[in-house]
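After this come two complexes, each holding chain A, first together with chain B and then together with chain C.
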Partner chain A sequence: MTDKTPTAKTPGQRYRWSARGFIAPGVFLVAVLLYLPLLWTTFLSFTDYNGLGDPEWIGIENYVEMFDDPQFIGSVLNTLLWVGGTLLVPVGIGLGVALLTWNLKGGVWLRLPFLIPYALSGIGVAVIWSFILGSNGALDQALAAFGIADTPRWLVDSPLNTVVMILATSWQAVGVNALLFTIGLQSIPKEPLEAAKLDGATGFRLFRSILWPMLRPLTVVVIGLSIVASLKTFDIVQGMTKGGPGRSSETLALTMYRETFVNSEYGLGSAIAVFLTIVTLAAAILYLRQQLSSKNEG
Partner chain B sequence: MSRAIRTTVLAVLGLIWLLPVYLLLINASKAPETFTSTESWKPTDFSLFGNIGEAMRLSGLAESVASTLLYAVVSPAIAVLVGAAAGFAIVALKLRHGFAWFVLIFGGTVFPIQMILLPMFDAYSRMSLFDTRFGMIIVYTAISIPFSAFVMRNFFTGIAHSVFEAAVLDGASTWRIFLRVYLPMASSALVAIFILQATFIWNDFLLGLVLSQSDDVRPIVTSLAGMQSTYGGAQMSTVLAGGLLVSLPTVILFLFTQKFFARGLALGQ
Partner chain C sequence: MRSRRITLGVAAAVAASLVLAACGSGGGDDDGAKTGTLDFYTNKAAWEPDFDELNATSKTGVNIDLNTTGYSDAAQYDAFIRQSFRTDKSPGLFTWQTGPSLGELVDEGLIAETTDIWTKAVNEGWISEDLRNTYTFGGKQYCVPMNIAYWVMYYNKNIFAEQKIEVPATWDDLNAAADKLKGAGITPYYQTSTLFTFPWFQQMVAGTDPALYKGLATGEVKYTDPRIVSVMETWRDQQEKGWFSDAGSTVDPAVGLKQGDYAMINFGSFFNGSLDGAGMVSGEDYGMFVIPATNPGLAKTPVAVESGPLCVAENSSQKTLGMAYSEWWMSPDAQTAWSKARGDVAFNPKATVNDPMLKELGTTIAGGAYETYDRYYETTPTPILTVALEQFGAFIANPGDPLPFLEAIQAEADKYWADQE
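Let's look at the complex of A and B:
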């Protein structure tokens, strides 16, 4: 290189080509394997296509058909139940476990039982809980021992089947929420805590006035994660009920899978995928905007 | 609340949480002949290893173990390097419009995976990549890249640019600086991303369900789901043993690396 004064050019110019070389593999793989399919799915959602021949442009007909189907609405409602249920139960219990183990001797060990299920696959959870919740399964036997013989059909009656699957997921998800909240609690500075305690704040008042506001940034992350994950619920439902009986426990992700890969309704399946994406993005954007604006006001 | 009450509440709740694990362990240990679906709470005998052996044989779980290990090691390894290279280009080499390129790469994780399933299936079928190990490695790599680039860019931002300038003055090429200076400094971040993505790939069900079919390509969780629907009634203890086998690696890995995990998750947002 003849240029003796490196400061004469900005690094952006000096390393223009090698910088492009370093970012190229990432951009290429993401563009070809994620964005291209994304665009293709969006296009297919406006067509009639079953994998054979060419896709035929039909405008918004798939979307009209989708919303005309009462069972699709059922699937939307189930998905909303998943979002609400997984916010209430695993996030709530996770926060509770984190608060109870906070500064507690042996807290690490008391937290352990909740952490064991976390790294299980959705299908692993489904295998265990299908066994427990099956007719005359482990739960029914336990209830019978207490004299309760007339138990509901956990995985058959709707919407009970969705509720028990949410509880099975909660069994898995409490641990990671407890872990995240614990890290949040540990990072709270000592001074305001000591000050509040000197002022006589304990228990719920301490929680409301000091802990909760200080956990706020982490809570935003935990709730955001939970919403996005629950909107995409697939594995555990496919593993436990396959969306049935009928389509009573289907979530949007299952409806998309069934229309696409079981019924070969590629256009309709794509429209459901697009709908799921719009809902996910809208939830994420609305949630973040609300969080950011209320932060500015406070 | 007093310590005693807190400990008691946690212990009781913890025991409830362990009940499904107890049920899994004792029932996965029952020989198919002694297993009855009506006596789930009492342990009878210990045939766990026989059941695991049988589970490996059924539904091609043994073949799946090998290919899933391959996916869970190779794909995150490539993704970590590709992500690190992208972070290096943006932070150290000050790529023009670097932030826009970063947003482009990271945007790949924002939408649900349902958006790519059908085109991937369609394209893979046409290009003879359907039901191949190579095809699975490519797709797992691609979906691991955005997160990897995200963490690596954050990590490299914390390294003073004078480190890069000093290496340039020593006459090192950018390639050499990347390999010998930046990658070694980032080893803890690289390991954290690798562990998170390997766990994610090991636990994947949906991509395996859509993009593979034969025993020696199908990932292990997809095989387990197949085994459950085929043998779930007749050979329940074998299926439970299979579930235990599939779950152990990630559960153990997670318990030993909890902090990494939680930080990675919090970062991932």
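Let's look at the complex of A and C:
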């Protein structure tokens, strides 16, 4: 029995109040910097607004206009190409590099060069690759030295321009994927590996039956990150083709930028931003939920 | 229970921040100062040293110096200026675009009127009545011209001399020159598929009929008009003859002209600065000429003119200071110093222009044989311009039947003009 008066607070209550005090600045910042812009953008997507004066409520007109525009579908297709391409190339090659080097002595020296481009910003990668892939750029001149004169117009012809930009992004992203997969491989317990080897599993069989299933927790994260990153692809395309020629290499993020900041159609741009947010969140949630709910089956 | 508390907490924080945001909007009061340091914003970051150079002259002239903030990204700058009108930090002086973009700001009552400054400048003979029209909205003037530039043809003098080509006096001469150059294995013209995709279209439409060109800007002429289609077909034929440079090249245009990647480049008269920077000498290594009209029947040769405004925000705390600087800006002293700093023509005929070639260009165009028209980039409403630049870019990358490109532009134009009614 303790001798407390009815008005005094218990230590538990005091703890809760001080906890709230500590949380409050964080909640305030999250509300101001994340929730408020989200609400404001959603509100703007239902208005006609040129950045001057006051937004005018027009209901779902921006959304109708957005889906009515054939170019919007083109942007969606390009974005899907980015999602597929970045899953296939940087994630695939990253896995390959990790598998080939994780068991080697000095494998870190083989992985390191792949990691160096990761230190660059996306726009820096764009500058370097524009120089390489521009008409009569470094690549064309190198090919000409070997007598190959009739080269494709890398950044001009569609969908080749999107494909080469995915490759440029891969140059940067392979290293970090390889690093993540290596961490995954190194965290696999030795015992099942040795047991499998005793049973005669090597090469592809070892990979398919042992390594791949045991890598799964990491694969889920790498693929999830890759999907989200590719859905919001902006910097490299803006830096290399600005979405052109015409709008042939435009992604959703570029369409959003174009409507908002080039055309000053803040309402339409916001509608695209809302659409992109919903798609990205839906993709991430659906993918993670599906993967995590079935994690015990694999 | 807990999630409801979190929701309430977030809602309270959002509400509090909304209140804060509401307190922040609204303009400042004009502080009335006529001398001092004026905050100046521009999207021409590369020109910042030129504006700084001018401070020596403006300090003695009106005792004002500029504190320049330069943006190098046009879209970012545009968003910054638009948002600044909602705060008490709207600029005392800033650059913008003439045409519908400026009209939009004027309609919202965001720009200080400059009618008195213009009346004085026109009376003093400092500026032409023609240019005044570009800055007139509803019978009143807004902003003052930061600069003017004429869009002409620059050419590599050495190549012209080697190929024994004279400066073309007619459209046929120009075509003959292009043919001759191509025959000698030299690409006649520069082109690009990003941003500056419009000059050749502008040149050929205005050179065919200035009224046709003006009709496009006002929506009276459709992009699918047979006369426009015919211009595009001529352009395509020239493309097929190989008259234009590789559109995807990343070589700096000035360097390209210097090293002979092409013999000619259609650019604004501010291009002298870039060519001088690339190590070419004005009048020796390169020259310029006014492009002859496509239609020889025109009484006067049309010349595209580009003019960017210097504006004062109506609700700026530095409005008086900005207006005092604008007034001084029109004077021959200011324009002589500006022409020297920028290496470009001056809008004020009483200003001294140092570069003899630019001086001659100014006097030539001021003569009776030419008429100026506003550049396509400024005269076309923004949403139509965005689509047009993209479509011309796509056409340059893959020249073919012009109709699908023109139909795409017209679709945007139809939407724009329907919204204006």
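Assume the second predicted complex is superposed on the first by the 282 of 298 C-alpha atoms of A that agree within 3 Å, B and C clash if a C-alpha of one lies under 4 Å from a C-alpha of the other, contacts with A are read in each partner's own complex, and residues count from 1 in each chain.
Going forward, contacts are C-beta pairs under 8 Å (C-beta built on N, C-alpha and C of every residue); 3 or more make two chains touch, one makes a residue touch a chain.
Not measured: the values here are computed from a predicted model.
Residue contacts after overlaying the shared chain place A:137 against chain B and chain C alike. Once the two complexes are overlaid on the shared chain, A:261 sits against chain B and chain C alike. Comparing chain B with chain C, the partner in contact with more residues of chain A is B. Using the contact criterion defined above for the overlaid structures, shared-chain residue A:153 touches chain C, although it does not reach chain B.
Of the two partner chains placed around the shared chain by superposition, neither chain B nor chain C is touched by A:195. When the two structures are aligned on the shared chain, A:60 is found in touch with neither chain B nor chain C. Touch criterion met: A:248 reaches chain C, while chain B stays clear of it. When the shared chain is aligned, no partner comes close enough to touch A:73: not chain B, not chain C. By the touch criterion defined above, A:50 lies against chain C but remains apart from chain B after alignment on the C-alpha atoms of chain A. By the touch criterion stated above, A:126 is placed in contact with chain B alone, chain C being left untouched. Counting contacts by the rule stated earlier, residues 27, 30-32, 35-36, 51, 130-131, 134, 136-137, 257, 260-261 of chain A appear in both its interface with chain B and its interface with chain C. Of all residues in chain A, only 24, 27-28, 30-32, 35-36, 39, 50-53, 130-131, 134-137, 153-157, 241-248, 257-258, 260-265 touch chain C in the complex they form. Residues 9-10, 13-14, 16-18, 21, 75-76, 78-79, 82-83, 85, 104-105, 108, 110, 193-195, 246-251, 382-383, 386, 390-391, 393-394, 396-398 of chain C touch chain A in their complex. If you check the complex, the residues on chain A that touch chain B are 6, 10-12, 15-16, 18-23, 25-27, 29-38, 40-42, 44, 51, 93, 97, 100-101, 104-106, 110-124, 126-132, 134, 136-138, 141-142, 171, 174, 176, 179-180, 183, 203, 218, 221, 224-225, 231-232, 234-235, 238-239, 253, 256-257, 260-261, 266, 269-270, 272-274, 276-277, 280-281, 284.
Listing the residues of chain B that touch chain A in their complex gives 1, 3, 6-7, 9-11, 13-15, 17-18, 20-21, 23-24, 27, 37-41, 82-83, 85-86, 88-90, 93-96, 98, 101, 104-105, 108, 110-123, 138-139, 141-143, 145-146, 149, 165, 168, 174-175, 178, 199, 202-206, 210, 221-222, 224-225, 228, 232, 236, 239-240, 242-243, 246-247, 250-251, 253-255, 258-259, 261-263, 265-266, 269.
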